[in-house]
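Both complexes shown next keep subunit A, but they swap its partner, so subunit B is in the first and subunit C is in the second.
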Partner chain A sequence: MKPRNLSAAIVAAALAWPAIQPALADDEELKIGVVAAESGSFVSAGNTIVAAAKLATQQINDAGGIKIGGKTYKIKLYIRDNRTDVNVTIAAARELVDDIGVKAIWGTETHDFSVSMAKITGAAKVLQFSGNSSLGAVLDDKSVAPGGWLHYTFQSEPQEWQRSGSTAKGVLALLTPLMAHPPKHSVVFVGNDATGQYLSSHYVKALEAEGQQVDLVKYPPDTTDFSPLLTRIKGMNPDIVHFWYNGDSTLTAFPQALKLDVAPAYFLFGVDPGIYQQRQLKSDKPVTLSCVPVCWGSSPYPVVQDYFKKYFDLGASKGPQSSVSLLYYDYFFMYAKALEEVGSIDKPDAVVDAILKMSYQGVVSPVPLTFNAHHQVTFATEVCLVKPGTSDQFNCTVEQPPPAPPPGDTGG
Partner chain B sequence: MEIFIQQLVNSLSVASVTILIGIGITLIFGLAGIVNFAHGEFLMVGGMITWFLVTSGLNFFLALVGAMIFVGVLGFIAERGLFRFTLEQPMNGFIMSIGVSVILQHVVIRVFNEVQKTIPDPIGKVWVVGGIDIIAMRAIVVLLTAVVVATTYFGISRSRYGIALRASIADQDTAALMGIPVRRYVTGVFVYGSVLAGLGGALMIALFPITPFTGSVVIIRGFAVSLIGGLGNVGGAVAGGLILGLVDGLSAGYGSPEWTDAYSLVVMIVILIVRPQGLLGGTLGPRAT
Partner chain C sequence: MNETPHFPEPAPPVGRRRDIASERPVTPPAVQSEAKGRSGWVKLPSREETVVAIVAVVFLVGFPWCNPGYRFLSLAITTGFTSIALYGLGLQFGQAGIMSVGHAAFLGIGAYTAAIMAGRFGLGFWVALPFSALFSAVIAGLIGLPSLRVGGQHYIIITFCFCALLNIALTNGGSFTGAATGLDVGSIDPIFGINFDQLRNAYYLVVAVLLISLLVTYLITNSSYGRTLRAIRENEALARAVGINTGLHKIGALMVSGAFAGVAGVLQAYYLRHISPALYGPFPSLYLALMVMLGGARLLYGPLAGAIIVSFLPEILKLDPIDSRIAYGVGLLVVILLLPGGVSAGLLDIYRWLLSKRRR
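The block that comes next holds the complex of A and B.
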């Protein structure tokens, strides 16, 4: 094309643009931020948040968007990589809130980062959905009240005593019939970081409430050779060894435990049956697995199977933490529903109230999701038994959480 | 008693992997004068290449050779393309190596994804001797480590190249005047250390799953081993590895398990205060060549 013709084409396009634009701009834009680790050591968990957000956004937008006050809004995601760094997390939240003007933020993968972000979102009246059970330590009557710094923050993972209670019941229900005698002595093996300490403190109480005598053995984070520690545990003669909290560490330690014949039964927290099968793990001893919150490798629910098919079709990795995505997915739909009920994207207090009153049938649980007065959701954890001697035969159960924290557990 | 002996066996196994990492670092750090903080990532890349080849259907031991070659080439490119330009300023090389380690982590994430990788145990046997469990693959790792130690030790202390290498460390200018190609020797040491990292990565994934971040964990122990033993001293790396392995094994078995890493590092600090040159002595560390 000659320069003169090119100039003419550009001028013509510029003149025609106002006529074309209204058709493209029929839909309003709802800005939502996602802060997650797309690099750094938390990338396994961070990527699941991003993948869940993309899937939910695609589904909402493809279904026509969100009808709010006579307008149709399409979600536009603003995804920020926190690089597994709290300072980057804070900077990202600041940019999303102050510069971009998002109405809500999903993330992050860890307690400390989420709390840091809540200081920013709370002051700006931006809703925040974080899948950290340890937020229970700070979500209380005062902090979630109007004017409180966590009024706009929602904990999209159950309280830890609920998850621990649900898990402990499921593990013992599945293992006991396969053991020579009812299990009495459990060893909980957990990474000695802040999350491991917090989570295991609740799980120990949950096991004790089920009649177990429990020993807690903590290992340094990032341990790869577990053989000395596992030999120590073997010397304690446990009935069940519970590998708690970190799926990657569990998948490192468990094969070593099998070779050293540490215990007559095992429980692997956060290891999906899909991963167990993929790794071709095999044990003659009974093994139970749990997923946070439901398993992609062996879910009994068609709606969950359908979710993970779509999730993996988007290109997300099949990893131990893939199911963590379900701690984030449903809340896009809850938020959209709340906006529709309120009829405005600029009334965050009314949106908070609408979410607190809402009962929503999501994917993560067969029981409708509701938030309690402390902005915490409740649902059960799926536990699966691996048929001894196999890598791909599972029997799964979902035990509902206990109604109250066990003795000695202060809740949170 | 069985548990105690089992812990000693465990210690030997823990030590052998650490020694392999430590030898590569001590050679590159102590002899070539390059502080390569990306050495752990070289090991991780070796593990990832092994995983890729094994899952593509290759025999583990052939994959191991493939990983050694790949990481050796990576080391050659890194030395010739990057570290060669920092030999006069070791601190620049150190900072550069941190950048290289982060880049390698994320290249691996982009190529293979972030999910932990593992391969089936290539041997898959456990020998029970007098109530003690001896995992066959770990025994092979100990054996291979012994072979590497012996080869490296005699290569440096007895061979013509080793003598020339030591001469170039003692006095670079005189060595150069006598016709020793000092720069080529630096490259050679760097590549050899990288090949050992490839071997270490291949053996590591045969024992444990690895992630793109495994390198940043093992590198600390690698430097600890080389400093404890004495920079550039292969025997020192063996002594350092055995000490750390023993401390790890026995502290995990009989001390507070969550403090296992701390015990090892306290031992390192004490040794470096008492013998700054390392247990068996070595070069004076990184220097301009």
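The block that comes next holds the complex of A and C.
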């Protein structure tokens, strides 16, 4: 470019700048971070967080953004792949909190990572929404109090005794009429990792509260050949085998159980009817399924169906964990509503208080979402019965959680 | 030019008829080291080594001033405590010739000792640091006892089994180990008014311990003890025949290595502030072995180079974990075939080759 042309361009840009400036200033930016596994072994769970965050952000921004204190804020998402690595998770959280200055973080999919991340977000007064129900083990009066390290952390999955209670009730209610005699003996088959140990401890108590005699069998997390353990379970003569956490392993173990004819009835936790249909699984024995939190393959609720249509239209994959996205989606709207009530994005303590007082009707549950004093949410669980001999005929029901933990379960 | 390296040179790769090593004096490097070392308990660094050391210290200390951002500073801390563990593995493998693929277990012992001391007895970082190092050293010594009777791949399998067993014990340890959920750790207590919750201060703490590790490694490898370990590595039967108590020295090397890992584990626990068994299983152990082989176990800066490569390569090249593993696998094959002394030895060879060309 000749010097004269260059000068003209600079002058033109200088003159045009004031005209451009108000347009840019109209929309303020609300920085929100997402830390999730977009690669590595937890990718199927991590991708659901990212997809849900993108969908919620798009919908909020398309609707005009969030009105906070007389200004309009558009959400700017900062998505960081943690590569299923705790060191990268910490680095990503540090970057989002200290370099970028986000106001809230969604993620991660893993208990250990979420806990380590909470030490960073808590100190920086950045809100954190994590799905892990195992957070219940550390969310207590002291940790969530002002000044506590989890004061800004919210568990977006229900307390485990609630989910276990509603699931156990739903499974037994659906299976009992199809069995030769009322089931009395259950075997819970679970992956032996942090989440598996935590989840199964509550589910065993919930089944016992429903009158079941329960045996617990654990498998190493990377197991692919389940036949030795399944043969052992068959020798226990169970009425129902409950494939508890996790859904991916269950999809490997369940066909092996069918071949070995391990039990007269089964329950598959975390396997969506959509996946059951996709895999063309078929059993002559009654099978029940449940999803976290509601099923994308066969939900009776139009609002859920509408959500998943939009979710999959965005390009999200139809996987065993797709429904988990709902654990993160609703809370974007809840957080936005809290910011509107507080009237500022720079008062995190007030935002925490606003969320704790809020009752929000989301997609995830037919009843409004509320957080308890330990920053844990409550909602029901959907359980579906597969018609024996079919892969695509389901009867789904939603069981409300019990009012209190069963005997022997300390809650959390 | 002073041709004497401060560590013995790696053996020339099989199949290379002429390489840089062959252009050096014919005296075997190990003998050169021995000859130099006899002048005193520890060989003093050459001018070349001093310059490299100064550059390394300036780089490590100056890194936060280059405005790397919190993400890179965070990864640098991770690289730092990993390097400390690798210096232990480097001593054990590079000097004594005892490879381990269960080294993460000793990090785990250090980390869990610190977490249990904090949780059960209210003892903080500064007490846990020496105690965990000592405890890890003792356990490493006990686990090393089979190495007196078996070596090579047999001992490697023992280390792998120990790591897997420890993982099972931690996962099923109930409230004492926090089971699979793990244990939480608080902050590092301030000392001299320095708040280690600030990332830069945490970085300098890790760098300080790393520099001490480097110094200890240098002193050991350039001492008569280091020469003894190398003699055992090269020919254990011969070493025993000349009166060296090989068992005692091997256990000693393993205990030093365990102490390094214990220190690294404490730093890791207080950095992550939450630990779980998954961090100390066979897979992280294999990564440690990979790092030390990539970087080079026998040269002073080899473990550091290995940790930097494995920590930062995926970050800089934006590799996902699958691509990273493929890259590490290919890299390891290349190193085994072309650079048996690791990347650091390869770089040293290139430097010497360039220097010799310039002089000609």
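For this structure, a couple of remarks:
In this text, the second predicted complex is superposed on the first by the 392 of 412 C-alpha atoms of A that agree within 3 Å, B and C clash if a C-alpha of one lies under 4 Å from a C-alpha of the other, contacts with A are read in each partner's own complex, and residues count from 1 in each chain.
Basically, a residue touches a chain if its C-beta (ideal position, glycine included) is under 8 Å from a C-beta of that chain, and two chains touch if they have at least 3 such contacts.
Keep in mind that what you see is a predicted model, and the values were worked out from it rather than measured.
When both complexes are superposed on subunit A, subunit B and subunit C occupy overlapping space and clash. When both complexes are overlaid on chain A, the residue A:A137 reaches subunit C alone and has no touch with subunit B. Of the two partner chains, subunit B and subunit C are each touched by A:S39. Of the two partner chains placed around the shared chain by superposition, subunit B is the only one that A:T231 touches, whereas subunit C remains out of contact. Of the two partner chains placed by the overlay, neither subunit B nor subunit C lies in contact with A:D215. In the superposition on chain A, contact of A:N192 is made with both subunit B and subunit C.
Of the two partner chains placed around the shared chain by superposition, subunit B is the only one that A:S317 touches, whereas subunit C remains out of contact. In the overlay built on the shared chain, the residue A:R279 is in contact with subunit B alone; subunit C does not reach it. By the touch criterion defined above, A:D392 lies against neither subunit B nor subunit C after alignment on the C-alpha atoms of chain A.
Superposing on chain A, the segment of subunit C with clashing C-alpha atoms against subunit B, chosen from 74-82, 326-334 or 344-352, turns out to be 326-334. Once the two complexes are overlaid on chain A, the subunit A residues touched by subunit B in the first and by subunit C in the second are 39, 41, 192.
By the touch rule above, subunit A contacts subunit B in their complex via residues 39, 41, 43-44, 47, 192, 217-220, 222-225, 227-229, 231-232, 234-235, 248, 251-252, 255-256, 259-261, 279-280, 317-320. Per the touch definition, subunit A reaches subunit C in the complex via residues 38-41, 81, 83-88, 90-92, 94-95, 97-99, 111-112, 115-116, 119, 123, 134, 137-138, 192-198. The part of subunit C that touches subunit A in the complex is made up of residues 69-75, 78, 171-172, 179-182, 184, 197, 199, 271-274, 276, 278-279, 311, 314-315, 320-322. For subunit B in complex with subunit A, the touching residues are 3, 6-7, 10-11, 13-14, 17, 106, 109, 113-116, 118, 120-121, 126, 133, 135, 204, 207-209, 211-214, 217-218, 248-254, 257-262.
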